[in-house]
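First chain A sits with chain B, and in the next complex the same chain sits with chain C.
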Partner chain A sequence: MENRSRITILMLPPALWLVLLFIVPLGIMAVFSFREGSFGAEREQFTLENYQHFFANRSYLNLLGTSAWIAFQTALIAVVLSYPLAYFLSFRAGEARVTLLTILIVPAWTSFLLRILSWKLILGSGGVLNTFLLSLGVIQEASPLLIYSRAAVVVTLVYVWIPFATLPIFSALERIDRRLLEAAADLGCPPWEAFLRVTLPLSLPGVIAAFFFVFIPTLGEWVTPALVGGAQGIMYGNLIQDQFVRALNWPLGAIMSLVLMALVLVILIIFNRFIRISDLAGA
Partner chain B sequence: MRDFRRKRSVLSALCLLVITSFVLIACSAPPPAAAPPPTTASAGAATAPAESTTASAQANGPFVLLDWAGFELPEYYPTFTEKHPDVAPEYAFFAEDPEGFAKAASGFQFDLVHPCISYWELYVSEGLIQPIDTSRLKNWSGVSEKLAAYGMIDGKQYFVPYDWGFESIIYRTDKVKTPPTSWADLWNPEYKGHLSMYDSGEAAHIITALALGFDPWNTTPEQDEQIKQKLLELKPNLLNYWSDSTEVSQLLASGDAWVIASAWNDAYVTAKNEGVPAEYITPKEGRVGFLCGYAISSKTKNLDLAYDYLDALLEPEAIAAMGNTNGYGISNIKAIPLVDPELVAAMDMDKPEILESTQFYRPLDDAQREQFTSMWSEIKAAP
Partner chain C sequence: MSELAVELSNVFKTFSASNARDVNAVRNVNLAIRAGEFFTLLGPSGCGKTTTLRLIAGFEQPTRGEVRIQGKPMNGVPPYRRPVNTVFQNYALFPHLSVQENVGFGLAIKRVSKEEKKKRVQAALDLVELPQAADRKPSQLSGGQQQRVALARALVNQPAVLLLDEPLGALDLKLRKNMQLELKHMQELLKLTFIYVTHDQEEALTMSDRIAVMSAGNVLQIGAPIEIYEKPATRFVADFIGETNFLNGRVVEMGTAMTGVEVTGKRINLPRQNEFPTNSVNVTLTVRPEKVGISRPESFADEAKRISFSGVIREAVYIGTDTRYLVGLSNAETLVARLQSSPGHRPGEYAIDDPVIVWFEPGDIRLLTE
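Moving on to the complex of A and B:
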């Protein structure tokens, strides 16, 4: 009994935090999505017109699709690149793993904006890559499209997310009982087959976790596309930001945000049929 | 056992790393501009002290300006400080007009506000500001009549014009073979992938209307549709959308962009100073001009202070100092001889014919604002 009340007391601050700063604002946003306008008299009128406008306009949903595609590519590439890294750290690095992990994370301690802006130096017209390609004669003229493009958004985001994709895979690999691999070897299983039939399946929850770790925040991303995306690399998040900051169309911005959340929810529910979300937490 | 402990320490180290990284990411990301907390600078507001010399003007609570950052310098209003040494104006800053308007409209208490022309009518229609009695401003006689006329809404002078500037086309002379001479030249396929546009639906509407030969402020629904189609045709030329002058300078200097639309003249001054080969043109349809000015809150308790502050801003030495520091045009014509001749030349202040052909932004009503912003969202969302 005493244990239970202790848990209640411990749970209270985070629960309050979530309700006040997450659930309540979500409710406010849902209310806003039905308002006619952001200010004055329009604020008091409720309407469904905003929803009609949103769904009648295919370009918004198309952009959401494009953003989902960008997020999918980013998450996939980040996971594929992170797996060998995590594997090396877990199986080969030995005592050096903590040091190596720290080194992996250190870039993430510098400013997020700084890391994104530094890609301008690499990909820009006068950047490292353009200069290199020019000197090789591969291209005749420096192209700004290496930076202001969808590909630049994917490259930059993959770079940003690799450390975070590595961690869940690493911790899944760490949990694998090494005796299973010894047993596989004893039974005559070659290492590559042991990897495919033992290591990979057991690390799959970590891989899926890493995928969503990258996919979900990327779907709503707006800073990176604003800085390196250019006109072609615009993402859905930029449109949401525009509605709140520039267009003063809070109702439309609220609808866009809710639709984005709904999409993430649907994807998670579908995945939940195959892999339980609670498994991802490593329970 | 040893192995287990090692794992535990690895995992807790991991957790720490992740948490720190997330905290750092959260901290380094730019603050959302949607609804920032009221940041009031310069604390220590004056509460009407007994020794106030002038009986007419006493501060009732803090004297608050809702303003752009950079306009709070004491040298922009020295005569106000002389007259009211005990009153320290407080400043709440906004970074974009919609942000300032959102703040004012959601009940933020201010005495003076400094929006730009597109948002002027919205302040009036929301009842946020009151008409100005210009006879109370001794420096009013110096204000350009052309600019003052823009501050008249419903036959009343609601705004005191203060600073203005141009928006035009700037291009890299070494990259472009056929220099642009009109707004319609932005569609020249030669600039494919090298054109940067101002991230504003209003600016896009105006320059496209000018390119098509329409009156930007009186377009028919059919013309609006044509403007939208025309803008969609511009997408292959488009490199990116710029949002501030620093970005314009960088785009130009790096050579990423060859042609930049709606660039402000300070970007041209920067390019010249940096030795970037660039030219600032006067399109044959005219340049576009922005104009910003001050208005008095309808709920002010410091009306006399507000008038004194406005008059101090218009003081020739003071407004010339603002022009010299910020590189903007000034509304008080009498102060032009006090402005740095280089700035006068850069702004073409000495060429009245350019100002005459300039299409200044106009106050937008709610419907126009919504039309421009939703058109722009659709254009940006389009592939």
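Moving on to the complex of A and C:
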């Protein structure tokens, strides 16, 4: 009993935090989605028109689909690139691992905006990449396609997320009992097969965590597409931002946000149904 | 000439630690382990027994010397190409695989057909008496059951040599005793070569055909349990295996058939030990507590060949079937005697401060140089 009350006390601050800053705003958004307008007397009118408008206009859902596709590509590429990095850190780096891990994370301490803007210098018309390709003669004139495209968004986001994708994979690899690899070798497994049969499946929870670490925030991303995406690279997040900041159509913005959240929930539920993360860990 | 399963010739293993001096885990080890033998590497922790096993398994490569399995040189051969399998200390079962996938792991890698794999996995699980556990995960099994799965996982591959690294260390005493007998039966049934690592001397004596006693990277003695116990080659071996008494002595005469030694101011004659170096003067004598007899001075029959000392009972500890007496000798040395409760000796027969005669047969004494 005493233990229980102690846990309650410990849980109280974070619970309060979540209620105040997550549940309540979510409720406000839900309320707004049923209103006619953002300001004045229109605020008080209950309506379902916003929902009709949202689902009637295919372009909103299309953009959500595009954004999901961009987020999927970003997460996939980030995980594929992070895995060897995490593997090297965990299995090969030895005592240097802490130093190398720090070096990997240090850029993430600098401003998010700064890191994205620096990609403008790389990808821009007068940027490093264009200049380099020009000097090689690969292209005749500076290509504007390198920046302000969907690819630019993916490239930039992959760069931003790699440290965050590496960490869960690294920690999953660290948890693998190295004796299991000896056991695999003892049973006749050459190293690459031991990787496929033991290391990879046991690190899968980390891989999945890394994927969603990248996928979910990327799905709602709006800063990166605004800076390097151009008209082509626009994402669903920009649409939401527009509703709140420019169009001042808060009800529509609220609906868009709720739909986005519903999509994430559905993905997680479907995923959890097919692969139970606890099973993967063997716990 | 009997066939050798494993041979180690002049094997050294040195681990170089950064910022520290090198650690010689194994020094000049020579072993010739026969096919079908239950061979035990016995020693305290850090004696090099596990490193020796890992050298045979292939997880370590010798710094010097040669390892041969079934006559084939194994230096540079990785573990996955050696005809041996290991039962690991903490079992090292794959947590993401079911029991039958764990057991079938080695067969899956060898691309054994599905039907045969199924048959052999089932046979292995039957052998370790876990036929019903096939679909469970290792985490759902008890320690004893996990141990059996680890055994089945190794045996199913029909290795030439089975290596066991303290496989019973994590089990409770009763289960351990049962598993000792079961392992021994299994080894006899399958006619397999077992190389068994343990620090438990009783376990080693119970199960082994031969034992190699190791200390500080060296093999001190190799022999059958009875030899190791009755004829220890060094003080360490005598001390490590069971309880024993040590007395200091001085060689005063070296005859062709006997050695004259002075112990606690008394000259005694011992049968000559051939392996004992002739130039030693200061020696240690060792005798097992159960070989020591106690009599009252008035009833002691001083038979010619018996060696006897007078002493005083210092301590009497009743331990069920036996009573353990500590007897003080005239020169402040002590002897432990273990007397079984019997019609001739009732517990509590001798009390503290009783003057007694302690005696033993000359053949039960061993001379040691160190």
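The rule is short, and it goes like this: the second predicted complex is superposed on the first by the 276 of 283 C-alpha atoms of A that agree within 3 Å, B and C clash if a C-alpha of one lies under 4 Å from a C-alpha of the other, contacts with A are read in each partner's own complex, and residues count from 1 in each chain.
Here is the rule we use: a contact is a pair of C-beta atoms (placed from the backbone, for glycine too) under 8 Å apart; a residue touches a chain by one contact, two chains touch by 3 or more.
This is a predicted model, so every value here is computed, not measured.
In the superposition on chain A, A:L180 contacts chain C only, with no contact to chain B. Of the two partner chains placed by the overlay, only chain B lies in contact with A:V223; chain C stays clear of it. Contacts of A:D242 after superposition on the shared chain: chain B is touched, whereas chain C is not. Of the two partner chains placed by superposition, only chain C is touched by A:P201; chain B is not.
Once the two complexes are overlaid on the shared chain, A:G188 sits against chain C while remaining clear of chain B.
Counting residues of chain A touched by each partner, chain B versus chain C, the larger count belongs to B.
By the touch criterion defined above, A:P84 reaches neither chain B nor chain C.
Residue overlap on chain A between its contacts with chain B in one complex and with chain C in the other: absent.
Of all the residues in chain B, the ones that touch chain A in their complex are 7, 9-11, 13-14, 17-18, 20-21, 24-25, 28-30, 32-34, 96, 98-99, 101-102, 105-106, 126, 193-194, 197, 199-201, 235, 238-241, 254-257, 366, 369-370, 373-374, 376-378, 380-383. Of all residues in chain A, those touching chain B in their complex are 37-40, 42, 53, 57, 59-60, 62-63, 66, 97-98, 101-102, 105, 108-109, 111-114, 120, 124-126, 142-145, 147-148, 163-164, 167, 170-171, 174, 223, 229-232, 234, 238-239, 242-249, 252. Of all residues in chain C, those touching chain A in their complex are 57-59, 78-81, 84-86, 88, 90, 92-96, 105-106, 109-110, 137-139, 153-154, 157. Per the touch definition, chain A reaches chain C in the complex via residues 177, 179-180, 182-190, 193, 197-198, 201-202, 280-283.
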